[in-house]
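Should a chain be cited, it is by its letter among A, B and C, assigned in written order, with residues numbered from 1 in that chain.
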Amino acid sequence: MSRTISLTLRIWRQENGTSQGAFETYRTGPISTEMSFLEMLDVVGERLTLEGKEPVAFDHDCREGICGMCGAVVNGQAHGHQQGTTLCQLHMRHFKDGDTLVIEPFRSRAFPLIKDLVVDRSAFDSLIAEGGYVSVNTGGAIEANTLAIPRKIADLALDAAECIGCGACVAACPNGAAMLFVGAKVSHLALLPQGQPERSRRVLAMVRKMDELGFGSCGNRRECEAACPKRISISNVARLNREFLKASLLADEE
Amino acid sequence: MHLDAKIPSGPLPEKWDRHRFDLKLITPANKRKYDILVVGAGLAGASASASLAEQGYNVKTLCLQDSPRRGHSIAAQGGINAAKNYQNDGDSVFRLFYDTIKGGDFRSREANVYRLAQISNSIIDQCVAQGVPFAREYGGGLANRSFGGAQVSRTFYARGQTGQQLLLGAYGALMRQVKLGKVTLLPRREMLDLVVEEGEARGIITRNLISGELECHGAHAVVIATGGYGNAYFLSTNAMASNVTATFRAYKRGAAFANPCFVQIHPTCIPAHGNSQSKLTLMSESLRNDGRVWVPEKPGDRRAPADIPEAERDYYLEDKYPSFGNLVPRDVASRNAKEQCDAGKGVGATGLAVYLDFSDAIKRDGLQTIEMKYGNLFQMYEKITDQNPTDRPMMISPAVHYTMGGLWVDYNLMSTIPGLFVLGEANFSDHGANRLGASALMQGLADGYFILPATIGSYLAGLTTKTININQSTFLATREEVENRISRLLATRGRRTIDDFHRQLGLLLWKDCGMTRNEKGLREALARIPAIREEFWHNVIVPGSGQALNQSLERAGRVADFLEFAEVMVIDALSRTESCGCHFREESRGADNEARRDDNNFCHVAAWEFSGPSTHPTLHKEALSFENVELSQRSYT
Amino acid sequence: MGRTSRTLSSSLGRKMLMAASGSFLSLFILVHLAGNSSALLGRTTFLAYVDYLHSLGVLLHFFEILLLTAFCTHVFLALLLFFENRKARPEPYAVVKSSGGATLAGQTMIYSGTVILLFLVLHLQNFLFIDRELPVADLLRTVLGNPALAVIYLIGTLAVGLHLSHGLWSLCQTLGLEHPKYTSTLDKKAALLGLAIGLFFALIIVVALFYPGFLL
């Protein structure tokens, strides 16, 4: 079951946001195929440390595929080639001995680079701040079972709400668009009765912010859906379009 | 130090109401004059930040990660308890209270736990109003499931992502306040020290993880919601960056640390694969509803599970605990797995796992039914191990999961340092010696949404200090101490990596202060920890500089604190010679070999006060009195 | 800013205008294809169709202006979005690989669109900006009888097919026309329809080239 493989890594190294970056080449030495991708980077980092060099900086936290902190582009694909998988859940058994892996940061104008593979995704927080919530103060809630929600609708809302905010959709989109991210949040709340009062305001504000932040526009290329570790469907993008169209035409919003 | 829990008088169900009436209030117009710092943005931190800002306070929220949507509450799978009794199965506030007290093996406060049970219902209301997509019945009502340690179905859930959905709800509420200008959000900041002025918490020192700059933040109150310290063991189900630094620094500034030895070890985790394992992944304990736990009867039997005939399998939980079987509480299941592995009957490459077998359930209910129940967990298992649990039994192994110990807080969630409040897993308050499933989310949100927003005003109203000046000497002196520590770490330039030390500490704690503990082992650990720490400060390598993003430096600081904190854990474990909940002292067993509590000598909270470097900390005891429940020995046979 | 200009200045508004103009152009192409296929039914039918078109008079010119507007809007927005989107990723990836979503048609919209634009210049030169006295049937025979021109026309029509095979689905998605019950395989159906349109145009050209007698 467990074997070892050796890989050549070409990793993007960049001191900070303003400095010039370049690829550095590292050989991993024998790596157990039971390791995760990030554990493989740990091993390389430990070796670099012992050699007196700085290990590669990369974001990660839960290593269970749910916090959305990790992510890099491996051989041209966000989170690597395994579908529906975050980088931390990608295991080395999916690579072959002797493979060369090119590891780059998520690249987008809206995600400025901080160091090596670490990028600033706070643009996503700015998007949520525009309306990715229901404006209800603590204590002001009605009894939980007052509103019946069809099971199917709750399921669809959860399908959209599963987004982990990793940014792979933006990284994979040829246009660097954030449509899947915004579509997922708009869908989650547009589907539920709790989201209705702010339905139009939310979609208009989030779309406006999305343009402001420098994301590209959607070309319906479906790369976002294919790269999404939570397999969030582009039907949420269609719903975002629909919500936007409806709100633009009909809503009485400033 | 005097521990006054400030538990209100009166009958249990009326305590919280009465207390809220007695608390001093601040008028809405005056609230904007108070600054509050919230450290951490998991469930407790995010919900507290949002709720305090809604009331009008000026809130500054700081977190380690790049966004407040990433706290490790997000990884909670199973659900959140509430005493709604939607299932009409006899649940009530009192039953939730009783189950939690008993589950915690009678080492928590009655008043706190009762309040938690009371608030549980409002939490569900609040989360539903935020648009949290909980599971529903076909009729549109909320669905419930049963969970370990309870005989009623009171757990609300959103597939296997309940923690994520609740956190995103709180995160949304927080971001709304950011937009409204009531919360200043400072991500990628690590709290490295607490500033205490004239005995009261007045601010913190943080490191900006991008620029490396050390920043002083002043406030009228400081709220710590930085989670637990399970990563002291190196391998745990915690996130990689989870650490003890914020709480431990507060401890060193005078906050008592309560029950540090209470560490929950979860029985159903995916086994470690080898030396490069960086963390462990939990599999929801709901799996034990249908999976049967077994090991080969003969020690050292390396045959494939399918080749081991039924007669040569040892279903040890079912044999030992006929009435609970595979559903015994987490601590009992973990301990028994360890016992089997110690006897050489463990399976897997490392011999440290046991089987969790679904083949009988599949025979009984059909593959489809079982896959419908556990499909996503099976996929997760397969992703990590490359094995399909419907083909061959799952292998599971116990792992450090949750820490019931934490900073001591009174009924108002204030620590022994006035002005320092502690929420969620970071405090010790509600779970006693063992936490029940689906209770952590409940506690984090109760603290953040409802308790702290009610109690903090009373402290602030009594405050005489009106302005906080971060250019004062206390701030500057504290910052200098932090700076010196960082410089020392960077200057060491030794020969061993940070992880190497961390792993060494983890193995030691796992062996001597893990699932079972005894005096000999604990004394050994107590002797060895200072030696490891000594070597760490002379032989660790921390590459890079302090003036930039430096993940090695971040980890080094955390490990340095774990190396000090571990000693407090071990001291606590050593002094508590009884067995209770997760804390199993081999010396304290009953005739049946099971854990035996010693209520005569240990019916108390052990709160440790820092007494200076290389000095034994001082123990303060808060006696626990039980007026509404009867103390009984847990029995699952 | 007014509501309309605000909507149209947003990326989604622009995309919707792209989709709306695209829908109009797609409808035109369907009508155009129906008209062209009358050529397969013989000279008389084809000439009757042409005469009918000419008899529309002002209506035809109105339609032509509408068409020109839709076309210009579509091209202008396409170029605008194309160049804006290039700015969204200032530093390109060293390795570019699809994660599995992309199709050939989807990836080449700007290129198939450019081919269509160039082809149209030729097409209008051949059929619109000419001496109106010539019978259209003879014109058709002269143009498509020329193998070099016929090949260019083949390329043009296939570009239309490729463009539509992504465009038809894409415009539905952009206009938010999505329902799990009705549109779950819309992308595949739209792709087939688009390709079929292109191939049908191509078929007429092939027939005109090799069997001029049959056609007219």
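One rule holds in what follows: a contact is a pair of C-beta atoms (placed from the backbone, for glycine too) under 8 Å apart; a residue touches a chain by one contact, two chains touch by 3 or more.
Predicted model only: the values in this text are computed from it and were never measured.
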(message) Closest chain to the protein's overall Cα mean, using per-chain Cα means, please.
(response) A
(message) Ranking chain pairs by how many C-beta pairs touch, which one is first?
(response) A-B
(request) Compare the CA centroid of chain B with every other chain's and tell me the farthest one. (result) C
(request) For chain A and chain B, let me know how many angstrom lie between their CA-based centres, rounded off. (result) 27
(request) Would you mind pulling out the distance in Å between where the CA atoms of chain B average out and where those of chain C do? (result) 61
(request) Compute the distance, rounded to whole Å, between the mean C-alpha positions of chain A and chain C. (result) 35
(request) Within their complex, state which residues of chain B touch chain A. (result) 47, 50-51, 54, 65-70, 72, 74-75, 84, 86, 122, 124-131, 133-142, 158-159, 161, 164-165, 168-169, 171-173, 175-176, 178-179, 185, 187, 210, 239-241, 273-274, 276-279, 281-282, 349, 380, 383-384, 386, 449-450, 453, 495, 497-500, 541, 543-544, 548-552
(message) Show me the residue ranges of chain A that touch chain B in the complex, using the header's touch definition.
(response) 1-2, 15-16, 32, 34-36, 38-39, 42-43, 46, 48-50, 52-55, 57, 59-69, 85, 89, 91, 93, 114-115, 118, 120-122, 124-125, 128-130, 132-145, 147-151, 154-155, 157-158, 161-162, 164-165, 188-189, 192, 194-195
(request) Would you pull the chain A residues touching chain C in the complex into a rising list? (result) 10, 12, 23, 73, 75-78, 81, 83, 102, 104, 107-110, 113, 172, 174-177, 207-208, 210-211, 214-227, 234-235, 237-246, 248
(request) Enumerate the contact residues on chain C facing chain A in the complex. (result) 3, 7, 10-16, 81, 84-85, 87-103, 106-107, 109, 166, 169-170, 172-178, 180
